[in-house]
Amino acid sequence: MKDLSVKLHSLELRNPVMTASGTFGYGWEYEDFVDLSKLGGIVVKATTGSHREGNPYPRMAETPHGMLNAIGLQNKGVDYFIKAIYPAISDFPTNVIVNVSGSTVEEYESVAEKINELEKIPAIELNISCPNVKEGGMAFGTSCASAQAVTRAVRKVYKKTLIVKLSPNVTSIVEIAKGVEDEGADSISLINTLLGMAIDVEKRKPVLSTITGGLSGPAIKPVALRMVWQVSQEVKIPVIGIGGISNASDAISFLLAGASAIQVGTANFIDPSVTMKIVAGIEDYLERHRIDSVKDLVGALDVS
Amino acid sequence: MKDLSVKLHSLELRNPVMTASGTFGYGWEYEDFVDLSKLGGIVVKATTGSHREGNPYPRMAETPHGMLNAIGLQNKGVDYFIKAIYPAISDFPTNVIVNVSGSTVEEYESVAEKINELEKIPAIELNISCPNVKEGGMAFGTSCASAQAVTRAVRKVYKKTLIVKLSPNVTSIVEIAKGVEDEGADSISLINTLLGMAIDVEKRKPVLSTITGGLSGPAIKPVALRMVWQVSQEVKIPVIGIGGISNASDAISFLLAGASAIQVGTANFIDPSVTMKIVAGIEDYLERHRIDSVKDLVGALDVS
Amino acid sequence: MKKFIHDFKVIKKWLPGSNHVILHLLCSEPLPPIKAGQFAEILIPDEPEVFLRRPISIHDVDTKNNTISLFVKIVGKGTYKLSELRVDDTLNLLYPLGQGFEFPEHDKILLVGGGCGVAPLLFLAHSLSQHNYHPDILIGSRNADEIHETGEYEKYGNLYLITEDGSLGEKGLVTHHSIFKTDEFKYKIVYACGPEGMLKAVNQKLKGFDTEVFVSLENTMACGIGACLSCVVKTTTGNRCVCTEGPVFNTKELAGW
Amino acid sequence: MKKFIHDFKVIKKWLPGSNHVILHLLCSEPLPPIKAGQFAEILIPDEPEVFLRRPISIHDVDTKNNTISLFVKIVGKGTYKLSELRVDDTLNLLYPLGQGFEFPEHDKILLVGGGCGVAPLLFLAHSLSQHNYHPDILIGSRNADEIHETGEYEKYGNLYLITEDGSLGEKGLVTHHSIFKTDEFKYKIVYACGPEGMLKAVNQKLKGFDTEVFVSLENTMACGIGACLSCVVKTTTGNRCVCTEGPVFNTKELAGW
């Protein structure tokens, strides 16, 4: 038996495979296909201070090896989450991490403070990188000062593992990563979606109601991998790799590049059981390469 | 007959379809497949102040619907270009545009000054966005101040149509576009490649000798389209759309988003005659939609 | 309802008319219970231009032979690829998805199908008939070339036809059919499938009547299982997912209808 | 030489051994002149994981029947897909590419092939024989399972074999073959194809001899026609493109060999 466990600050994962926020619902959507007790963790949908309807339909466009989304943080708000959703998911046999979003520093802070009270939620992921809301969201993640401001405010009220999720739509991802590390983030996850656009040429209209949206899927994998590599060289806290991961080999690329864990997003839509195959594939890789612990893969890229 | 002609400042193109630098050689490589007299123009390989060997092999990696390259501006230098290449291409029956690169402002300036003397070259494309060279290249394109400095210096010595090619690896493409417009650029082309990375997990090594490289192909099309849309809203000079264009419908997307012309890059590798199909497809689209001039498509996206 | 991912084998395929394909698929496992109106998310094989699964309604189910059928209009890359499948090819389905149609308490039922939206109607007629309902069925289309399997529908109820060019049945749009004559309209429940424009027209037409109208929507989907929130429709109670809370909705619940 | 993009029809396919495929392809147009050592860039059909064309050597040419053959080792997605093709399927080739082998002035020729790199050798032996040369041919491989078409090679010259496990011919690596015995080595020209390690070993082995060694390189390629500069090899005169200036090089020109 290989040791697949990894640690993100004080958060222990039985394996490095998690699911990405907004692509795995609250977990129960996948119960026919995924044995949650075999996942490292699930990051549930974005939760905001109050109820949000999200953007108008259409909110999705297919692109070459990827998709654009413009969901816009549709969710029922943190109080509803605590009352109606938390009880249903708090006993899941895996780590349940809440993705926290907002339009103002105060909103992030207040959501984080409320989630801090939930015993069975060991960590939050601060989403300062959503490209699909007019105010806030990505804006926080594209300037170092505002990324730091949100992290600082949330760090004050949130006592458990604090993951900050970065936007790739920036000139220097390393600068922002170091900025949030300095403010006390326990881990960094990246990347959120790249800002993109699609046009229906026959109708001469944008496909999305919001014109632009967030690009995800295998198309963005090379960019994500590069950013994980760059950031993990420069920060001391553990990095979580996200972006286009669709099979074990993709997952291992991110580990080698320096990620301590990974999240699977869009690939869940194509194969709802893909995470189980990734866990099995990582184990198989360790066997074939005679490596005892997955921790030995983290950052083990040979650049000689 | 439909009118396919477009104008980029004082540069007249018989149609909006050009080929992208570094993907079409000097044009003669494609003579068995492309009737150059049916192209709007060709942008030849990057030319630098002196001979460059480029990066070590391997310089290329395939990715989902895309590829990474790390060529590193291999070329024989501007003097060789003038002496040995210019005579062979100056009579091509299309616009031949030289892609000018360098490591210092002085190098850009001196190359541009020399190309300015070449009667049959009606325009240059300033490549401030190459991610594959250690010094210079992309660095110029990722800060507004340095993008402006290069443009300013070249503008002083280059009297014909000056196109500046932007890097997508930035937080605000609009800021840089406006910056170079202010310095006298006649047109803006975008995007160059996104910085990415690929790993061979079995060997546990990066695929490219340079670890990271530039991502091109359909994978980047949504990002390119978004940037063309954003920039063309904010500048007055004509925009040239580049990024993943592989068929007429892709080309028309970029025109609708605001590009006055487009360049085809990676798609030439998969189908060396693709540009001919794109020209024919645009004409067919105009027929079907009863539009007389391709100029009427430029920026005609309906966002109501 | 429990969902599955199963491989199916193409056992029969035909191309009725010029732009449709009907596939009969044998399941590699025993078929789970499936309700009329439910759909599958289909993995399109070997097609580089298609990334996401494609939602397609269950057109009919034959539990005895462990097969299902699909009725697909060829509109783009994915549906074209489905039309290129050969007998013995394998197709991967995520199914059964969505809520399907609810059976009513009485028997004054009209099924209305337009164009390709007709797909789920056959299975609905079939199921209703199995439960001793006697629906009337109205199918409208551009022309005769787009109306198929009339013999199948006739097994389960009276079939009425209308085409825009009059090449089959009455002439006109679906809502022009004489069945909608105000003074004779007798149905308490209408189940309609088809292009959104047609569904809205049918709904408008019946606004004054004491009739409940159920429609099956076809919003674009990424996951099909309620995870991505791409497929929402605006309802009187906010955005709801067509994939899990639909695809069938009572038009009373739809905002702006 | 003029290059073409042609559709070919698969007229014969077989899978010799466990991980090779040999394809016979009929050209839809009259075949252009092709030289031994040239290759084609093949568009892999219907495979979402493959984006670029794949370079494959011309294994043999039959001008009378307007066909060519390919000999492919299955190493990844693209080559696997080639092995899945069926008779009558269509394959799109960009060809003939590269410079191929030059014919020498004398007749003391040894062809050396290792593993799958053997592909261009059959056509080379065939061409040499057509021009009245009498090459000797040495093929080395891991085991007998990887050596095919020996009867074909024997038509054109004396065939020598060696396998790592001794299951066919002598036992050992290619360079261990008795043909390389110092006192008996008589060849003025060696044409070698195969894994780079083997090519380098052959070249090293012959360093003291009055022999010119030509090798066919297999650098990864994007365009195949000299446009992208991905495929370079370091030569004594700088980086040069394997696709247009090779794939065959005199080892004297290769830096570091």
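In order of appearance the chains are A, B, C and D, and numbering begins at 1 in each one.
Here is the rule we go by: contacts are C-beta pairs under 8 Å (C-beta built on N, C-alpha and C of every residue); 3 or more make two chains touch, one makes a residue touch a chain.
Treat the numbers as computed from the prediction; the structure is a model and nothing was measured.
Asks: Which chains sit in contact with both members of the pair subunit B and subunit D?
Replies: Of all the chains present, none is in contact with both subunit B and subunit D.
Asks: From the C-alpha centre of subunit B to that of subunit C, how far is it in Å?
Replies: Here the centre of subunit C sits 47 Å away from the centre of subunit B.
Asks: Can you work out the whole-Å distance between the CA centroids of subunit C and subunit D?
Replies: Result: the chain centres lie 55 Å from each other.
Asks: Whole-Å distance, subunit A centre to subunit B centre, using C-alpha means?
Replies: A distance of 34 Å separates the two centres.
Asks: Quick check: what residues of subunit A touch more than one other chain, meaning two or more?
Replies: 63-66, 217
Asks: Would you give the residues of subunit D that are in contact with at least 2 other chains, written as numbers and ranges?
Replies: Correct list: 48, 51.
Asks: If each chain is a dot and touching chains are joined, what shape do you get: line, ring, star, complete or other?
Replies: Here the contact pattern is a ring, one closed loop where every chain has two partners.
Asks: What chain pairs are in touch here?
Replies: Pairwise, the chains that meet the contact rule are A-B, A-C, B-D, C-D.
Asks: Could you list, by residue number, the parts of subunit A that touch subunit C in their complex?
Replies: 22-25, 29-30, 32-33, 53-54, 56-60, 62-67, 69, 71, 74, 217, 266, 268-273
Asks: Taking the complex as given, what residues does subunit C use to touch subunit A?
Replies: Within the complex, subunit C touches subunit A at residues 2-5, 43, 49-53, 94, 219-234, 238-239, 244.
Asks: Which residues of subunit B touch subunit A in their complex?
Replies: Result: residues 63-66, 68, 142-143, 169-171, 194-199, 201, 203-206, 211-212, 215, 217-223, 225-226, 229, 244, 249, 252-253, 256-257, 285, 300-303 of subunit B touch subunit A.
Asks: Per the contact definition, I'd like the list of subunit C residues that touch subunit D in the complex.
Replies: The contact residues of subunit C facing subunit D are 46-48, 51.
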